[in-house]
Amino acid sequence: MPASLCVVPDSIFAGTSRQPSIHEVEARVKTHEWVNGQYRLLVLAAPASVLDCEPGQFFHLLCPQTDRFQPYLRRPMSIYSYDQMKGELAFLYKVTGTGTGAMAELKPGESLNIVGPLGQGFEIRPEWRRPLLVARGVGLATLAPLARECAQLGRPLTAICSARSPDLLMSTDLFRSCGAEVITVTDTDGTSSVENLTALIEGLIHSRGIDAFFTCGSARLLRMLQEIAARHGIGGQAALEQHMACGIGMCQACVRPFRREDGAATLRVCREGPVFDLQEVL
Amino acid sequence: MVDLTTKIGTLTLKNPIMPASGTFSEELAEVFDLDCLGAHVAKTITRAKRAGNPVPRVCEVNGAMLNSIGIPSKGAEWFLKNIVPFYADYEAPLVISISANTADEFAHFAEEVGVPGVAAIEVNISCPNIEDDGKAFAMRPGPTRDVIRKMRSATDLPLWAKLSPNTGEVVEVAQAAEAAGADALVTANTMLAMAIDSRTGRVRLGNVMGGLSGPALKPIALRMTYQCARAVAIPVIGCGGISTVDDVLEYLIAGARAVQIGTATFISPTTMPRLVRELEQELERRVLPSVDALIGTVDNADEAITLAEYA
Amino acid sequence: MVDLTTKIGTLTLKNPIMPASGTFSEELAEVFDLDCLGAHVAKTITRAKRAGNPVPRVCEVNGAMLNSIGIPSKGAEWFLKNIVPFYADYEAPLVISISANTADEFAHFAEEVGVPGVAAIEVNISCPNIEDDGKAFAMRPGPTRDVIRKMRSATDLPLWAKLSPNTGEVVEVAQAAEAAGADALVTANTMLAMAIDSRTGRVRLGNVMGGLSGPALKPIALRMTYQCARAVAIPVIGCGGISTVDDVLEYLIAGARAVQIGTATFISPTTMPRLVRELEQELERRVLPSVDALIGTVDNADEAITLAEYA
Amino acid sequence: MPASLCVVPDSIFAGTSRQPSIHEVEARVKTHEWVNGQYRLLVLAAPASVLDCEPGQFFHLLCPQTDRFQPYLRRPMSIYSYDQMKGELAFLYKVTGTGTGAMAELKPGESLNIVGPLGQGFEIRPEWRRPLLVARGVGLATLAPLARECAQLGRPLTAICSARSPDLLMSTDLFRSCGAEVITVTDTDGTSSVENLTALIEGLIHSRGIDAFFTCGSARLLRMLQEIAARHGIGGQAALEQHMACGIGMCQACVRPFRREDGAATLRVCREGPVFDLQEVL
């Protein structure tokens, strides 16, 4: 896509007061490593314009054309980390199909066209003093910047990391470095079942005074948390996924139904989300 | 200085680049200044609230996409109250796109939406005509003539008829729209297509079938643009698979007076301002004074040759 | 052992992979043993000698090609004398493809070409009908019915009607062909398209317009295959943009009883034997006993949804 | 095109007497260098099956998909050299557009899918004892293996190499190493005009006894040679180009009109050519 390699300079806005908040920029690959057998960590050198991010936001990535893979649409990826000082932006992603397969071929020094930051991030409400993060799969990537934010805000944090097997557990060190208490559960250990987790979490509510849930990466865990939260009157948020085309809010591809006061609402995951109120998710 | 303006009937656009309906919205203002465009074209609306189609609503095929968004609509009232004012801040004219179930409904609707701030109405006649067994109006010249004629009596706003590539009679449909009073044609909407996940056997769109857009559509829509530009006197606006300045040039050379950019904006949200800039540069490079100087200049060695021999 | 055979009416093919007309010839025997194919389908011939179209006859567009080869033909006599005997050495049945200017000419021609060695006749009704103002027969149900009915009376050979994606009434055309006695349908021929060299302003095909084939056509032809397979009882043979075993699976799942491979053979001349092998492997992997077990198994959540909502 | 990367082994022909003569194979890039500002020399490690070539034949190359270029059809390229002993096949090509642009990105060790050998090569008739090669542009590539063949057959050879400027003259060393007398003419020198060349060639006919012309790469030179040849009763051959789809003879894309005894004939450049009788070319 040579077309998209040409980026419109912000100067196109010169003379108007309207400032763009979403940017299409080229970012250079700094490092690109396998984290385990399925996930890769991509660290980009990105301009400051796109680094004014919030945890839970995402970017829309133009995966390259390669001899093996020719993706067409962009691919949405949660921000794994962003650092304005270092000018760094990172994604932790699972190599799944055409797009991520093409992305996996990127080498340090090569360039990736990214659009963002996009969507509504997590909100740590003032009254949420003792958050619990429950993550599985890509959720371990999505919740990572939230852990950093909690640390900055001085909120003591507990994180439950779930995975199929211990080798697929990611970000646990990152969570720990944010001062989080990390609890890992896996399918192979038999510790990741809904029953087990429900007991575990109810225990944490009592022992730690958990008053907010944040989750991403598993519909099963989401339902479970909705149920526990409703029972204990606990608030929270969930980051969702949906197939996207534009990522900006124009095409209405990414809709999902949500529970709202005035009945069911159809909202765009890319625009009104990807983070939603825990109980609104249907 | 190159003259980028182009006239679509009574409207003068400051350049020939505008978005295609359904691939553009207010949110794009967060990416670039929307006033760099020749016009703004809104997503098709219906009079009443509508839900649109089940997900998944999009999928990717070889170098193109399918969509079955449908026409989710918050209704005309909401649109006129919330969306039209947003565009009032811009110089670029606002073109709204409307859909309805019958020719009469189209006409009534056209009358209602003729509010200040609306510069033209694009008529999405690729939608099903419930009086013709659900076949889209744009499939046949008769229903096309009928719907445009009734709308013509109902509004003084310019009417742009958006044609469908699914018809086997595009020239006849184009001429019918012209005869009935359309001010311009847009060629074209998406082409009916389908994809199946070979692994699961499941259809890849919630709606089973959907519309093909993007680069794969270009040769088809370009052909329609060429056919229509030769068959009618009203302006033709090219649309389908445009993502590079070469694509824009191809459409202009084929006879389009302006172009609409759809799916390319999803791939690169800065496509339209880039195309405006590159078109200007390209005209300068070719020492052409204006966009007009390029329109319809296609060189087809042998005029007499037609579809006849192609198969 | 997986059963790869498939029945197209009275013909049993040893596997569902065959070439598409115009993209196959004797020369391919220099690349692989042609007997690995389910059938052989020859380039369309006309009764009289014909020149075909001016060059350039092909060009490449985004991930697909356009052709305006036309139907250069050395005439039926030469074909029957020189080409039919070549295929007699093979077990795979020979399907010849014919074209004519009127329904009566088609019928006479069908009678003449019914020689030993010819197993079936593919009817290229995408060619212009000079009795219908040059519109291709396959554009409308009436002319399609007429031409197939007359041919049906003229020959006992199986008749395969090859449909065009250019029609807006593919289901009606398919049903007309079936009602008139066609033994199978082939969906589909190329889609009318065009390309312009933006640098020179010249059309990129000698014939101005030409047919789109290759991957870009697949979502369109797959949709037609799906629509036709649901609308008729006779076998449907899928054709359009097939190059991978996943493409083959998609068509079979959509309801095709066999598939034709066209442009992919130009990109990789060993495509067809590769697909035969990979299809067998894939059925084994899925523990399916036969091709039959896959045909028409598409899972479309909601049967009631139709074209209605797609735009 | 992952599809085409999978090659059918010749064993598919086991049990039949029909042997394939055209092969689709993967060839590995050995070296890939710029020869001048426009042309690159691509040397492949190729299996013996495809190295039974004749000068003038060509291959059909599946140029790779890259981030910048996504060619679709194959690209025809004359064989620049083939060496069964070394298992080498080379192409000398001009970086022109999409396909050759993509090809130019190939790196040593990478693989290129090739189909061939294709078409009819040059025929050095027994009575053609003193051949003259007249080449320009890509013709300098196409005629190179013919020079080698002439050397092997012990035919004393003269080669006129024409180019726009001296830096674009290629293969002259190769021609010389085949024992050829090499005459270079260029536009910048003003030596490449038809008048100049006509005089030069008529001189060579007299001084060297030239009795056959071989040419490629310029329609202008071809017409000139036809005219001189007709005047002097000299035979010869020309290699032609035409846009192709299949390269094998199936699609009839590559036709050109030719003069035949029974009037004009339409022939396929890929099959009946690319080498044709000099005087038959229209």
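Going by the order they are written in, the chains are A, B, C and D; count residues from 1 in each one.
Here is the rule we use: contacts are C-beta pairs under 8 Å (C-beta built on N, C-alpha and C of every residue); 3 or more make two chains touch, one makes a residue touch a chain.
Not measured: the values here are computed from a predicted model.
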Query = Where the CA atoms of chain B average out and where those of chain D average out, how many Å apart are those spots?
reply = 47
Request  = Averaged over CA atoms, how far is the centre of chain A from the centre of chain B? Could you give it in whole Å?
outcome  = 35
Key: CA centroid of chain B to CA centroid of chain C, Å   = 32
Ask   = Mind pulling the chain D residues that touch 2 or more other chains?
value = 1-2, 70
Ask   = Residues of chain B that touch two or more other chains: which are they?
value = 61-64
Query = How is the touch graph of the chains shaped: line, ring, star, complete or other?
reply = ring
Query = Using the touch rule from the top of the page, what pairs of chains touch, sorted by label?
reply = A-B, A-D, B-C, C-D
Key: Touch list for chain A against partner chain B, complex   = 1-4, 6-8, 12-13, 16, 18, 20-24, 62, 70-74, 98, 113, 115, 242-256, 266, 271
Key: chain A contact footprint on chain B (complex, rising order)   = 22-25, 27-33, 35-36, 43, 51-52, 55-65, 67, 69, 72, 214, 243-244, 263-271, 273-274, 277-278
Remark   = So, in the complex, the side of chain B touching chain C is made of residues 53-54, 61-64, 66, 68, 70-71, 99, 124, 126-128, 134-136, 139-140, 164, 166-169, 189-196, 198, 200-203, 206-212, 215-216, 218-220, 222-223, 226, 241, 246-247, 249-250, 253-254, 297-302, 305-311
Remark   = chain D partner, complex, touching residues on chain A are 1-2, 64-68, 70
